[in-house]
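Next up, some structures in structure tokens.
Same chain, two partners: chain A is paired with chain B first, then with chain C.
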Partner chain A sequence: MSAEEEAMEAISKRLGERAQECRIAAPRRICVLVRCGSHRDAISALLERFEFTTISTITGVDLGEDIELNYHLWCGRTEVTVKTRLPKIRPDVETVTDILPGAALYEREAFELLGVRFLGHPGLKRLVLPDSWPEGQYPLRRDWKPEIAGLEFPQEADSVAIGAEGENRGSTVNVVFGPQHPALHEPERFLFKLDGEIVVDVEPRLGYAHRGIEKGAEKLMFFQATHLIERICGICNVAHATCFCQAVESLGGIEVPPRASYLRTIVHELNRLHSHLLLLGVAGMEIGFETLFQYSWRDREMVLDLTEKATGNRIMAEYNAIGGVRRDLDPIVGEEMKKVLSGIKRRAAFYKKLLGEDPTFGLRTRGIGVLKAAEALRLSVVGPVARGSGIKMDVRRHDPYAAYGEIPFEEVAYGEGDSWARFMVRLDEIAQSVDIVNYAIEKLPSGPYRARVPRRVPEGEALGRVEAPRGELVHYVKSDGTAYPQRVKVRSPTLANIMSFREMIRGCYVADIPAVLASLDPCFSCTDRMAFLDVKSGMKWFWSLEEIKRRRLGKP
Partner chain B sequence: MGRVRLPRMAVEVVSSLFKKSSTRKYPFEKPIVPLGSRGMQVFHSVMWHGCGLCPRDCPAGAIEMVEVSGKKMPLIRIDSCIFCYVCVENCPRKALTESNLAGHRGQRGARHQARREPSER
Partner chain C sequence: MILDTRFFFRVLVFPGFLFLFSFTLFCDWFERKVMARMQNRMGPSYAGPFGILQPFADWVKLLTKEDIVPEGAGGLALAIAPIISFSLLVLSMLYFPLDGANAFSNEGFEGDLLLVLALVTFANFLLFLLGWSSSNPYSGIGAVRIMTQFVGYDIPLTILSLGPAFLAGSLSLSRIASVQKVPFALVIPWVFAFFLLALQAELEEDPFDTPHAETEIAAGYWTELTGRKLAFVRFSEDLQVVFGAVLAADLFLGGPYGPAFELGHGLPIVWFVLKALFIIFMLEFVEAVCARLRIDQVVRTNWKLMVPLSLLSLALVTFCIPFVQSATGGA
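Then we have the complex of A and B:
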């Protein structure tokens, strides 16, 4: 039985009549429409059947009379979309955060942008929009226009204390950090609750860089939206564009020429290289190792030069188009790439040796910010954060796209789950990316690099997944048969990972905050939304100093 | 680290001492622009036949049609342009072509743009 059939069977066995429609939409993609209220059963059936079930995102779509919720779940080998429809006049649905805590942020997103009320959700608050946004205005509903909201709503400052008044007693203090702060590279706000030098709790708040790209993409034609989607993030722009193009291609049944898939792979890996080198430098700087910062950013510069030669721009590569890539690779540039990258591989080996031996780096990262594998799975983290906790999860390998199906490589995984492991995963991936690029240049097939595609895209919906430098990136695209998308939904990897920051940082020293945050490699402009909440029922909101000390030493 | 790698360090230091500085004195020196870089578009008015596709296709809304001696011509606002080259790719008569005049955005670009400003046309 194939993986797809296995997942379908698991759901239909549990739901029986209540599973209204079950189909294989594409290889490794299943779509199940369940009766309103049965989505929890479907999800728990999958959770029981497949050990590594994580939630990718929840997409809400306004269908006019109804609101459709799509729960996208990755079940180890297949992506299952569980759909359920709610009447728009009373969009109430039961939460899934108790069985799948990783869904907490996605439910809040659907709540504020579409007005879906998740019954039983422990903290249904705003995520992206300002706290003072007018009540009852849901920007992603089709009938909403910016004029309705008006520009005149009071701007209030966010809260400055975690928990209720009475809880803030003793030696705990609340410290607001950001949104504008010299140590932060992007606007974000953290509210830390400290007991002396030790972090008791944290409540981040994002949305300061929210640009409404999902709404904006509905106003552009598919090929234009590629250029907007690419600008979601300056660092992983290639990943975003690849993902969007793949989703549209599978929607339109467009076959990408083999040469284009290889070229996509090459540029995608260059993108990963520059992102990982950037992070390594940032990590060095946060820890106080500024030489490392200078060195790795020098190396990054070489990768950026290669990107510019291959694609036409250093940062915004604009290399992907629906149906292929926009430029061919000059063999001379290919040769140069191989030469420069072999130097970078040598350096990566040197950095790895250095960081493995350096006592200062070890003291600042080993055993700090630990995320256990079980916890990582529960919170559905992705990318290097998951792989640093020993979960072998790599879209490139388990859900191959572009040319990754033909390129031999192994996913990197470390079992420690601390900041050190997360940095090491990235260092190993640098060497691995170089190998992938070399292999792709060697085996580059000949032929056309771009297929001509019509502007109109047939009606339907598709899900694109790629492994961005920071982890699994998901784009959901729905078309109504015109040249304009009906709905575009982006789930960036940072949104999936950011929930785990709270788990990591509790019990650490204040001085460890930047290093642990850097080890997550957060990219807030991708995410531009987040906040925290306690989804574990019965979890203590307050910890005594002794408890924290015990926890830090690893004792129960 | 246990061992200081003096020879390797010395080689790096000495070689860097005699290298040219890696920064360039930008406005005084001509920047090195890679050949394939996407720079300012070149407009060939001979090829132009006024189909009006580029203002509709430009994702940034940077192209506006203006009247120049009785004919509608595209005015590309370089400050809104995101250099995506959709206009160049989609032009049916190749009236817009690519160039790598990008490193000079500071100087030559400014002049080009000034010439294209509606107030001066």
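Then we have the complex of A and C:
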């Protein structure tokens, strides 16, 4: 029995008649439509059957009369989408946070953007929109327009205390960390409850870099949206573009030429290399090891030069397109890549030795910010954070895409679960990425590097998954048969990981906050994606493409 | 009283204020350049040859900036603390026998070693006051950290600086320097090593730079400082590094006296400068290869490691004195 059939059997056995529709949408993708209210049973059936079940995200789609909730679950070898539909006039649904705590943030997101009320959720609050956003305005509903929100609403400061007034007595103090802070490279706010120098609790607040990309993508044609999607994040832009293109390709049944798959893999790995080297430097910076920062950023510069030679751009690669890639790889550049990357591999080995032996680095990272494997699974963390806790979870391996199915590589995992293990995972992955790129350059198939694709995409829905440098990245794309997507949903790895920060940091010292946070490699622009906000006037508005063009030409 | 021009020249120009001022700026440049080269960077390179004027340019620029006093900050303490701490450090520097004699053209007095250590402690206490009175939580935490660290590491530093004093049989800075036919760094190398480590903590450099850990508490106690105050506090910090280097050079490397023979008039200062730069190089080297410790780790290192070690090494020095004195034919 294949993995897909096994998962389908698990659900239909438990639900029987209540599973209304059950189909294999694509290899390793199952779609199950369950009757309203039965989604909890379906999810718990999967949790019982498959030990390593994690939740990727919850996508809400406005279907007009109904709101459809898609629970995307990864069950070890297949991605199961459990669908349920709620009437829009009364969108109440039971929470799944009690059986799957990792879903808490996704439920909050669906709550504020689509107005779904999750009954029994422990803290159903806003996640990315401001606290003073008007009640009853749900930006991702299809009938919502920026005009009806009322463009002005009062701006209030976010709360400055965790818990009720009475709890904050004695030696506990509440300290706000961010949105502007030297340890954070992007705006984000953390509210810490401290007892002396010990962290008791933390509450992250997202949304300071929200740009409305999900909503904006609905206004663009698929091929245009690729460019917008790429701008979700500067560091892992290649991962976002690859993920989106793959989702659209699987939707349209587009066959990507093998050469394009290999080229995608190469640039994707270069992207990972630069991201991991960047993080290593940031880690050095956070714990006051500035020499490490300077060294690893210098190495990163070499990777950026290679990226520029291969794609034409240093950071925003603009390399992926629906149906393939934009540029071919010059064999001379390929040779240079191999040469430079072997140097990077030597550096990675040197850093690994250094960080393994250096006493001060060890004092600041070993045994600090521990996330146990069971806890990591419960919170559905992804990427190097999960692998640092000993959970082997790598989309490249378990759900191969691009050319990863044909390239041999070892999955890295460390069992310690502390900050040190998370940094070590990334160092090992640097060496491994070099090997992957070398292999891909040597085995690069000949042929075209891009297929011609129609603008219209057939009706349907697809889920793209890639292993971004920070972990599993999920894009859900739904098309209604036109050239415009009906819904694009992005779940960045940081959103999956940010919940675990609370588990890691409790009981640590204040001085550990930056180091532990860096070990998560948080990327907040990935996580926030909506709306312009002028805090002074409290104005919030969306810009159409025409307006942006007009403004760029200097004609207000 | 007749104005003694020589006295004023020595206090204000050489080896007094003006010399110390330019030497401090030079040391700042040296520090930045060494650090930059160790970190694979260029370091200052535009102002003057090899960027040697960069610290001066920075200082002048800060002097011209607006002086902002935050609301609710303790006005008087905030205003005078930078100046007083700066003055105390300059005063303590005047006691070193920079060119064989101190700035007051005498040999100093018995016990000026303890005086300069006390003056520097006062200067640091003023920095604490500064952070505490600037009504910013980051400054407050930074100030508390200075105090915690300083109170701790002052003890091993003082104990360890007694090692050379015991060997020389004197508490006078110039006497300790002048008796070293063989530098004490070679006679009692373990004391020298621990002294440098304690000095590193005293000067708040990595791995002990917790009082201004940027990623935790922004700029620490000077977060709220701008303009002239910042210029003076930054200068005090640099002066403190020079003080540490000069103290170590005086106690362990023989100060203004050459390793084997005496140089002619005016040259002692060259020896002193070279030795101080050597010490700064050592401090920077440690800073470049270390990550920052947490404040609890800093405190633990002090009480569990540095204090017992310094007492032990002092006991060992006491035990060694007769042998050393007979071997070197010293004091």
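By definition in this document, the second predicted complex is superposed on the first by the 528 of 556 C-alpha atoms of A that agree within 3 Å, B and C clash if a C-alpha of one lies under 4 Å from a C-alpha of the other, contacts with A are read in each partner's own complex, and residues count from 1 in each chain.
The rule is simple: a contact is a pair of C-beta atoms (placed from the backbone, for glycine too) under 8 Å apart; a residue touches a chain by one contact, two chains touch by 3 or more.
It should be emphasised that the depicted structure is a prediction, and the values quoted were computed from it without experimental measurement.
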Combined model on chain A: chain C and chain B, fit or clash: fit
Chain B versus chain C as contact partner of A:Glu290, first or second or both or neither: second
Touched partner set for A:Asp358, first chain B, second chain C, both or neither: both
First (chain B), second (chain C), both or neither touched by A:Glu308: first
First, second, both or neither for A:Val199, with chain B first and chain C second: neither
Contacts of A:Phe223 with chain B and chain C, given as first, second, both or neither: first
First, second, both or neither for A:Arg326, with chain B first and chain C second: first
First, second, both or neither for A:Glu318, with chain B first and chain C second: first
Which superposed partner A:Val116 touches (first chain B, second chain C, both, neither): neither
Which superposed partner A:Ile232 touches (first chain B, second chain C, both, neither): neither
Lowest C-alpha to C-alpha distance for chain C against chain B (Å): 7
Residues on chain A lying within both footprints (that of chain B and that of chain C): 358
Of all residues in chain A, those that touch chain B in their complex: 220-221, 223-225, 227-228, 231, 305, 308-313, 316, 318, 326-327, 330, 354, 357-358
Residue ranges of chain A in contact with chain C within the complex: 175, 181-183, 197, 284-292, 294-295, 298, 358, 360-361, 363-364, 509-514
Residue ranges of chain B touching chain A (in the complex, touch as defined): 1-2, 34-38, 57-60, 82-86, 89
Chain C - residues contacting chain A, complex: 38-41, 137, 206-207, 209-210, 213-216, 218, 288-297
